[in-house]
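There are two complexes below, and they share chain A, which is joined by chain B in the first and by chain C in the second.
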Partner chain A sequence: MVKKKVPDWLNSSLWSSSSTTTTTSFSYSDTNHFDHHSSTSASPPIDPPLPPAATRDEQQHPPRHHHNYHPRKPDIKEDKHSKSSIVNDNISNNNSNNSISNNKIDNRKADNTESSAEDISNQALLLTELSRKVINMGELRRIASQGIPDGVGIRSTVWKLLLGYLPPDRSLWSSELAKKRSQYKRFKEELLMNPSEITRRLEKMMGFDNDDAKSESRYVLSRSKITHGEHPLSLGKSSIWNKFFQDSEIIEQIDRDVKRTHPDMHFFSGDSSFAKSNQEALRNILIVFAKLNPGIRYVQGMNEILAPLFYVFKNDPDEEMEACAEADTFFCFVELLSGFRDHFCQQLDNSVVGIRSTITRLSHLLKEHDEELWRHLEVTTKVNPQFYSFRWITLLLTQEFNFADSIHIWDTLLSDPEGPQETLLRVCCAMLILVRRRLLAGDFTSILKLLQNYPPTNISHLLYVANKLRGQPSH
Partner chain B sequence: MDMSRRALLKVIVLGDIGVGKTSLMNQYVYKKFSQQYKSTIGADFVTKELQIDDKLVTLQIWDTAGQERFQSLGSAFYRGADCCVLVYDVNIQKSFETLNNWHEEFVKQAADPADPGAFPFILFGNKIDVDGGSSRVVSEKKAREWCASRGDIPYFETSAKEGYNVHEAFLCVAKMALEGEHEHEQEHEQEHDIYFQGISETVSEVEQRGGCAC
Partner chain C sequence: MVLVLALGDLHIPHRAPDLPAKFKSMLVPGKIQHIICTGNLSIKEVHDYLKTLCPDLHITRGEYDEDTRYPETKTLTIGQFKLGLCHGHQVVPWGDLDSLAMLQRQLDVDILVTGHTHQFTAYKHEGGVVINPGSATGAYSNITYDVNPSFVLMDIDGLRVVVYVYELIDGEVKVDKIDFKKTTTATHSAH
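Here is the complex of A and B:
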């Protein structure tokens, strides 16, 4: 039956419970500690963000028991209901959370393979790396894959580097950013009609264009430029109106999804002007992307991939970075999606680069590392991997964990020199292995329910297991 | 286990983006409603147990993504379905017009090619609560005509928001799926000459009433 023996480490008691292994730091530092220094010392516009005073102090004595690095969550993690309290989107709100977990730093950590000293120095190492004239990307990837500390804007800078948006040579940053940001500005000017323009056109379309006295330019436009082919009632493909109707359908979809992006987070949702302006930014980016990529346009779920990028960039303590978050997010989104673009393209579903093929690779990976589990899922209970992993893969695990945990997973995904997809598949495979006992005991229904509502998990542990799957099948 | 007293029935819910598929399912299974459900990516899966006569039935309901992009991936989800629920929004004409596509696509991918007309479909016209019905654009008559043209598909008007008719509609789904399952069983046991007798009296009752027997 089972040809390959399950390697011992798979059945280790480590996997079955969400044991407190090394949790890479994920503490949201107190916003009060941010010094907004770099916006004032402008000339090389982006200084790598300095750590807040407390953290800096910490760096001097890294290896002792440290307080700034709270394991994000100790043992059993919160259930999904309490996710808002963790993420709760205003960084400062999370302090209380972390101080609770701080009390529970687990001594077993020392037994584990990763040393806590390594953990502690992560932030210092990242800051050192970021302060080099030319950043060693290999080194940056290596350190960042262990997790990027929250607060102090490190993640924002590191993600931009990992996604190739910022070049490794820091002297090029300012010119590169200026170029990209003005490019995005042009995209917006060309591709986004402002709402009043839309209203005006709609009114005209509905036959309310008699009232033409108010604006002369409007009058000129509406009277002299409309050729026969551009008449609103023309259904020819060339008609700008035809395109306009198509566009408005996409925009409607985008609006609908943007409004329901993380409804539990004040950053994205609610009536505050802050949330509204953030929604507006997501909307602009998705519309510009859809118009620049007519082969893909907008696919539902893109908003979920966009959200973590924008959240991280918008929370950069550097004022200039914060102000330009929309433009920066756009290019990073394009970059990130370029590795996964084919998953969003219906024409490629059955090709070797499409989503089905990627799901098959996950299935092979599981078979290679845990054939017993693979057999139980796909042969015995007939759980097609598409039933659970379609969303895992297309949305880069953003829906399976709380927001803070997803961001932590992304640190590792984005750091991988092979590109995020290989790591993503290993993490998905590790997710299966971590709950293998429950899966092996389950039938079709219980398996699918478990995998479609993946239980709260110690993310560092998950990433540790995923990393163990790297290039070492279990023979 | 006595199989005749237990049944596992697979139900697929299809329809355009935003017509309320997820809301209907959540209203039925959890008695909850939210304005803020995320868009469904792929397909979500829930189960609901109920008793019909002396039989314990587990409905396995698949809530699918509405965006066209996901349709080609549907076949994996459609396979082995016992009933297909089509949903449209009575306030949006287009969601009614695309029912033809959803119906065709499902028949093409999942129904028995020898007898596609036999597969049990049901139609829900959702969101009848909106603006007290004043923004409605698809009349009940139109919907029933469409149902008649597709082989007398049962029709329910629902409001997932208010929980109106949702339970009744899904009960009908369960009964239809169960009927279909009888047919399968008999088909297996007794070959095709018995097949048409397998369509029980309940089904003809349903057809006469233009609704469901429940």
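Here is the complex of A and C:
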């Protein structure tokens, strides 16, 4: 076949169905994952995910969707020992994700309870990996890219590891954390001070501490020189007052955006003191970032990228981690944004690293994998990819899905060894491919309407397709 | 950190056409939270101009003000401080500290701002502080022609006030400051 057709697996009816609700409930309870076990034990015999050894012969055949296989069955209730044997198997037979995620999808389709079994053993794998003295990052990435289970409180730690905030060596954790947290504290002290305080400190340093200890009842107040020509109405470029007033515009913008972040979530919005302190934390992080990065400052949308990070870290079951969530979030935010900074800089829009070029890459990716759809969008209906993908790319898909779903997508974005930029493009491409029927049938208006309000989807679905788009174009 | 601008005795248009250009360039909207004006603007246009600098404007009546509705005295609370405002022509002898101190006790304020003499002064006595921001345009007064344009900017921060004095001397803006703290409870000793 010369012409690149849409691969058969894409045309399966599987992908055209609309959402099946995500199976895991989004709750951050402190319950031990073993409780999770007992709740599922009542259900009929569960097919846990098989160790890769069993799937070796599966790989000879192209994956078939409704194929039932019988894996070697470690019972769910078994102790950790057997699970570590699974882990060992995983490590020794280092297969691609494909087989596992493939089977995972099958399992999900087959039986809802099966997927919670999936999660449990995924969870177990993660926990085992996390409990090592020195964590194998490659292994962690591999397991995490299949999704981090909710409700176990490990997402916070895993994300910190993936973003390089925590070193893989456990013994270094406490010293690293202490160092970073005190650094953030210093940043806050220096940058969030208002000019009155700054002048006071300057004077103290220069010894101008004039405490009126005069006992006379009345006297003319003496006038003193101002330090460094600093006064509130100063128009000098280097004046702290002038800079303060210039910054106050940005601070106002940050304030406004923080108040508008996720108004539907009690965590972020509302009158409770909890919400207010969270907003305060977001505000501080963004202000410190803006002041430390004068080249990029604050751009609307950064608050949306910050929100899931802070949410996850603040919901860490460990008290110490939760208390220092603000500092940790700051550094992870910097790290996460480092790959995407150039998207926020207007001058770089048309450059090789800017947002336009990234959108073009998405376009090429689509062309590689689904030329028919690409042609329909670019040529026939002339839908400029900027109209829909700009927000997808700059805000890392936080606005396209509900909060829980976007956190699941971020699990994959952060853990994929190809890096978040590449993975993001693949996920965006997958988003387009998943709704291809409706896109191919639509005109300019309906296409835009659809893509700018992307319909709720099964996220594991989506991530599976995105995964498939890795590397070579056709299957 | 609250910035309060205190000025007065502009006498526009009768004795001066406008604020000095160097003052005007510094007074931009968005920086100042309150303006207190001792009086003698004298016309509505000046009132409107001050309103553009800051919406929170307090004025007391001077003897040449065309708007007769301004009050004789005014008090307001900013942060931890109570401020009193009066033009000062009512207090005789003009500029006399004892008489002003009486007015201050009457109004029960920590900082009393008055004008009329067109000379900057700042006194401290048991009751508190008396500040005269002078004339912002350098208009001549009843007493003298030799007047330097001046005004005052107060930075109120908790219990501490930094008073920045802006004066136009020989065409250059000179800035000085005065620092004082409020003692938490001032005990009035009976004489």
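Definition applied: the second predicted complex is superposed on the first by the 327 of 475 C-alpha atoms of A that agree within 3 Å, B and C clash if a C-alpha of one lies under 4 Å from a C-alpha of the other, contacts with A are read in each partner's own complex, and residues count from 1 in each chain.
Simple rule for what comes next: a residue touches a chain if its C-beta (ideal position, glycine included) is under 8 Å from a C-beta of that chain, and two chains touch if they have at least 3 such contacts.
What you are looking at is a predicted structure, and each value in this text was computed from that prediction instead of being measured.
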| item | value |
| --- | --- |
| Which of chain B and chain C A:H364 touches, first, second, both or neither | neither |
| Which of chain B and chain C A:R260 touches, first, second, both or neither | first |
| Chain B versus chain C as contact partner of A:K276, first or second or both or neither | neither |
| First (chain B), second (chain C), both or neither touched by A:F344 | first |
| Partner chain in contact with A:R437 - chain B first, chain C second, else both or neither | neither |
| Touching partner for A:K179 - first (chain B), second (chain C), both, neither | neither |
| First (chain B), second (chain C), both or neither touched by A:N384 | first |
| Which superposed partner A:L448 touches (first chain B, second chain C, both, neither) | first |
| Of chain A, residues touching chain B in the complex | 253, 256-257, 259-260, 263, 269, 299-301, 304, 344, 346, 349-350, 355-356, 384, 386-387, 390-391, 394-395, 399, 445, 448-449, 452 |
| Interface residues, chain B side, partner chain A - complex | 17-18, 36-39, 41-45, 47, 58, 60, 65-73, 76-77 |
| Residues on chain A engaged by chain C in the complex (per definition of touch) | 194-197, 199-200, 210-212, 217-226, 229, 231-235, 245, 248 |
| Residues on chain C engaged by chain A in the complex (per definition of touch) | 1, 3, 25-28, 30-31, 97, 101, 121-126, 129, 153, 155, 157, 160, 162-166, 175-181 |
